[in-house]
Amino acid sequence: MSLLSLEAVNTHIGQYHILQGVDLEVGAGEIVAMLGRNGAGKTTTLKTIMGLHPRTGGTVTFDGEEIGELRPYEVASLGIGYVPENRAIFADLSVEENLRIAERERGDLARSIDFIHDLFPDLARLAELPGTSLSGGQQQMLAVARALVPENRLLLIDEPSEGLAPVIIEQMMEAIRSISSDTTVLLVEQNFVVASRLAQQYVILEEGRSVAGGAMADLVDDDETINRYLGAG
Amino acid sequence: MSDVLIRTEGLRKEFGALVAVDDVSVSIERGTLHSIIGPNGAGKTTFFNLVSGTIKPTAGRVYLDGDDVTNIPVHRTIHHGIGRSFQITNLFPSLTVLENVRLAAQATGSDGFRWWRSHARFTDYVSRAEEVLTQVGLVERAFDIASNLPHGDQRKLELAMILAPDPEVLMLDEPTAGMAAEQVPELIALIRDVQTSGDKTVVLVEHNMGVVMNTSDRITVMAQGAVLAEGTPDEISANEEVKVAYLGSLYEDLG
Amino acid sequence: MTTATAKPSLGDRWSKAWTRDRRRIIVAAVVAALLVIGLGGLDPEDWFVTIMRGLATGAITFLVASGLSLILGLMDVLNLAHGELFMLGAYLGWTAYIRPDTTVDLLAPILITIAPFALWALWRPLGRKVAALGSRWAGWLLVAVGLGGWWWAWRLFPLAIWDPSVYAESPITFSLAFDIGTLVPLPAGTFGGPALIAVLAMLVAASIAAVGLVSFNPTGSPRPSAKGIGASIVALAAGLSILAWREGLVEGLFAMNPTLRFFLAGIVSVIVISAIGAGVEVALIRPLYDRPIYQLMITLGFGFILIELVREVWGRPEFTMPKPPAFNGIGEGCPGQGIGDLFSGCSTIEMFGARIRTYNELFIVGIGIIVLVGVSLLIKRTRIGMVIRAGVQDRHMVEALGVNVRVVFMGVFAMGAGLAALGGVLAGPSIGLSPEMGGRLLLSALIALAIGGLTSFPGAAVGAVLVGILQQIIIRYGQTGIPLPWLEEPFKPSPPLVPASTVLLMIVILLVLPNGLLGKAEH
Amino acid sequence: MSLVDLATTRKPWIVRHRLLLLGVLAAVLFPFVIAIVVDGAPISAVWENADGNAKFLQGLAIEVVVLALYAMSYDLVLGVSGLLSFGHAMFFAVGAYSLGILLKSAGLGLVPSLLIVMGIAVLVALLFAVVLPRVKGIGFALVTLGLASVTGIIISSSEFKDYTGADVGLQGVPSPDWLNPTDQRFRFYLVSMGVLVLVYLLYQRLVDSPTGKVLVAVRDNEDRALMLGYSTFWYKTFALIVASMTAALAGSLHTLYQPIVTPEVAGLGFTVAALLMILIGGVGTVSGAIVGAAVFRLTEFYLDRWFEGLSNLLIGAGYILLVLFLPYGIVGTWRTRSNRIGEGRSRLARLLSGSKGE
């Protein structure tokens, strides 16, 4: 049974009909990549799952429970972590506080801190510094680490490789791979190289609709689909 | 072609205790496409801001075509022929696409204070705007409100606004950021076209290695505020130091 | 980018601070020098008194400014009704202090109304059905029906009638009556019909209004939290018990030590104004988060309404408020000697050769310091503070991390309003009550904020103290006069020059330091 | 047909200004209609300035004109240029008081006085401009509020009682015989209407000109305007100067019309009144300021007549409802309904499909 499933989800932003029927299944333990051109609605899909954009039609089901009507904080407390496109590191908080704020119960951070520091050794070194003093790559790591503080069952990660130097992207991919051993991941990624190496499953969005999906291994060889929906990889 | 258009000399910028740009001397030749790459936080955008006059350096000078332009106010830079784009899309969000570009075209003229005539009388600006919008392929969207455009089109509009005053130097800060892969070649072809047909100089900050390696005439690699290496794309991709600090092995098998 | 790693020495840090904040340090030094010169022109025995009075004025200003600063920092809302919340706080405090019977009468229906609202989540399914009708008018209709029903139920409740103009017309007799304890409770009213029907009608009416309000934004879980259920039960139980034991409660309150009653009045006022603040955030500020200038306008309008409301409810509205007896003693053993006699009951204390009023210059300043320390700790050290600091930057992300940001925003607005109310109650005995007191204080507070740096909490304190001391120096000169060589008579600044001087200080400081003394540069 | 034609072709002047022309016609006929219908007096009663409803309503209309000019100037500052000034009343007060002092104490004629007042208005605007580059947003609001309240304090301070009348107010300003508000009410009415129409046309043109377009750009994204090569400081200063002169003109009319000018015209309350008027009419629409001034003054007048003590409470409540439910004001909402952008888009669609057909 799938952990997260979207059925015919519609979302309006203002008067614009952004999502016009997105279907999506994320099985427990998988890494699923959401692909598609710019403006296809990938980020909006993640935000709709989080409740950050109000859904105007369809159902969002997480672990058998309908979550489409919930407020973002309620969605998060079900065990869904969100790493946004712009990283959203809090400038007035230290690196450690940026992690601590994601705690849902006392002791969350104490439980996960060693794991996080193993994954991102930089963050241990920089714990006392303000969030803004980090480089782009470090901020991205902090954003992912933040989603790991509470016991999340699903991570929504938006464009982990955007704006990062190639060496940093590799570190990032390594980290996501090691998380995925016990957390399900839904990934939005423009960089097909990154997406194809991380994910087992894929979904392609086009103009607010899900138009294709399946195993990533099949897609890599399917030049026709790649060309049709993603342009030259 | 060894005609230097932009030259910086010992450029340095400090933000409090932080040295963002450290003693950078770069020469950019007229009519070339010159890319600046480097890891995040290498000081590329700061360097960009220094050259385009958005911020003033702590030390060092910027020369444009031999003239010292280090301390001219930012609204004068365009009159020296520098047009620049921003990493974060920077438009007039509540105005129409046409009006965004028309304002950019109007800025070059001296009609800004003709408050007694309707703007509709100054058709030159509108036709220039139409020309540029056609060039970037946004003319169908001329009457849309800028903030309603999808991200990729906003990047194109940004480019149109830089092209409108017909500057000599185009400084583009990650023009492809957040664009879909299929749109990137189109945009790069457009930039290339503008550069060669109008004999413009383009300075490009970019993360997309494919774009950088295939289109640049010269590349400067920055790391920790300083220049790490400079050369042609072939020289850079062969440079071991660059590979370690920046490129890594991700793209090796892609050729 | 490179970051400094080694810990710099003190001299190093000073020179860094100097290069970074040269302008700030110079301005601070110049302002300090000006104040010293200003004091220098006064008699030495006036120095201490003037500074203490300045601190007292500053403390009241700070209580208003701090709330403004918190709200501005977190929500980017300049709450122009903040002065009026201060004013309303003073009026409520006055009423709870002088007329506890009326307060008790009002408390019961309010608590009963709160009970259905605390079950907010429970109404969501109903609200969704109303929202599904497709028109906001359906929601408004329910709100209107709810309000109408509530008004009808309210008229059935027993309320003792009081006439505030009696106290306003003869403040001296009134103060005397208060001091000798001859204020007596008004006769209790009776229900205008079966009590059960009145209470039920109010519960139903409030529920209908709540459903109407929920329908405007029905997203969220339909299960009320344990806290919500608890609050609802407590509110209902408290409301009903007050109705049942009103008589004894009122008698107890009148027999109570007046100083204790003053503190109780302060607490009631702070709680009620906090609740009003929360309501303002929900009803007026929240719909306008995308339109900051409209928020400014709406708070302005709300403040205007509050002034008119006070005029309507309290009738002829200038009141004096007697000081709590613990700070009002004269005669034997007074004035007290030194700070140790603060709680001796004397109205003044001799310190450093000057007579200091215990209430104005010591008690108020003390409360100001406690609030400063308390709120600073809250922001720096607690999880709530962390959420506030993060929410300033990106409220959506904070919410996506599992924090109910709406409640935090509402709470901060309520806290800001509560601080203003605390200021109002404290200021009541020293400056008297009038509907205009809020506007004057808001101006002082805005000036203090601008001087200190708009969103800086410590800046609000520094600015408020500067404004307070400057005002007191000018007031003092208004009595003694400034001998100017080209004038025969010493120049005596007239009262309008007191606010004018602080405005000028603000303009000069803002022109040199656009972000104030402690504010951060905008990015 | 090209994009240029699409963007620059407009309807003829007379069509675009049909509402204005109708309004002018109505304004000229209005006193006569009132005289005949309500007062039952002959037409000649109007130019003989006979007492009655016609005269009284002309007076109310003159007050509306004064407020409309003042609100329009604030709309240029706040609505068009996006400068959050809380000291706009200062422009009005300086105009009102300096004209009064020049006429009364200096004994100058009306025309030279007005010229001097305009000069003073420019100086006051420059004072605001000095502040401009230093403080932005709420800082600017506070500094301008401060400047205005210092002005208010000076006006009402006892030191200048001989000139300003201190807190009592400025009274006994001699108005020229040909424009006396009591004996020549109809003429005063026509003159003030004329001034309003002229200033309105000027404002329409200004907002539509290249300068006005830059002002809107400054409101939208000042940094970008700067990067495009506009010296935004001078554009904002220009807007302040024009607004200050207009508000001073409104203040001058106020002084000429009212028997007494009180220091309240320098207070925050009077700036808020301007805010309220452009909010009613529609922020940034210019013509909304006139509509807003009329609605504001008439509502205030009739609420006061019908509800007395409660009128302020009702105005406050109405204001809050307005902000919440009609944020674009009367004119703004009207324009959104007529949807100009949609119109432009459909014209473009027609153009494109037409060119394909060729």
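Lettered A, B, C and D in written order, each chain numbered from 1.
Everything that follows uses one rule, which is that contacts are C-beta pairs under 8 Å (C-beta built on N, C-alpha and C of every residue); 3 or more make two chains touch, one makes a residue touch a chain.
Not measured: the values here are computed from a predicted model.
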> Given the contact rule stated at the top, which pair of chains has the most C-beta pairs in contact?
Replying inline: B-D
> Of all the chains, which has the CA centre nearest the overall CA centre?
Replying inline: C
>> Based only on mean CA positions, could you tell me how far chain A sits from chain B in angstrom?
In response: 31
> For chain A and chain C, what's the span in angstrom between their mean Cα positions?
Replying inline: 43
> Counting in whole Å, what is the centre-to-centre distance of chain C and chain D, each centre being its mean C-alpha position?
Replying inline: 36
>> Can you list every residue of chain A that touches 2 or more other chains, as numbers and ranges?
In response: 133, 135
>> If I count partner chains per residue in chain D, which residues reach a count of at least 2?
In response: none
> Which residues does chain C have that touch at least 2 chains other than itself?
Replying inline: 1, 3
> Can you list the residues on chain C that touch chain A in the complex?
Replying inline: 1, 3, 128, 218-221, 383, 386-387, 389-390, 392-394, 396-406
>> Looking at the complex, which residues from chain D come into contact with chain C?
In response: 78, 84, 131, 134-136, 138-139, 142-143, 145-147, 149-150, 153, 156-159, 272, 275, 279, 309-310, 312-313, 315-317, 319-320, 323-324, 327
>> Can you tell me which positions in chain A touch chain B when the two form their complex?
In response: 16, 36-40, 133, 135-137, 162-170, 190, 192-193, 230-233
> Tell me, which parts of chain A touch chain C in their complex?
Replying inline: 50-52, 54, 69-77, 82, 84, 88, 90-93, 97-98, 100-104, 129, 133, 135, 146, 150
>> Going by the contact rule set out above, which residues of chain B touch chain A in the complex?
In response: 18, 38-41, 148, 150-152, 174, 177-183, 185, 207, 209, 245-251, 254
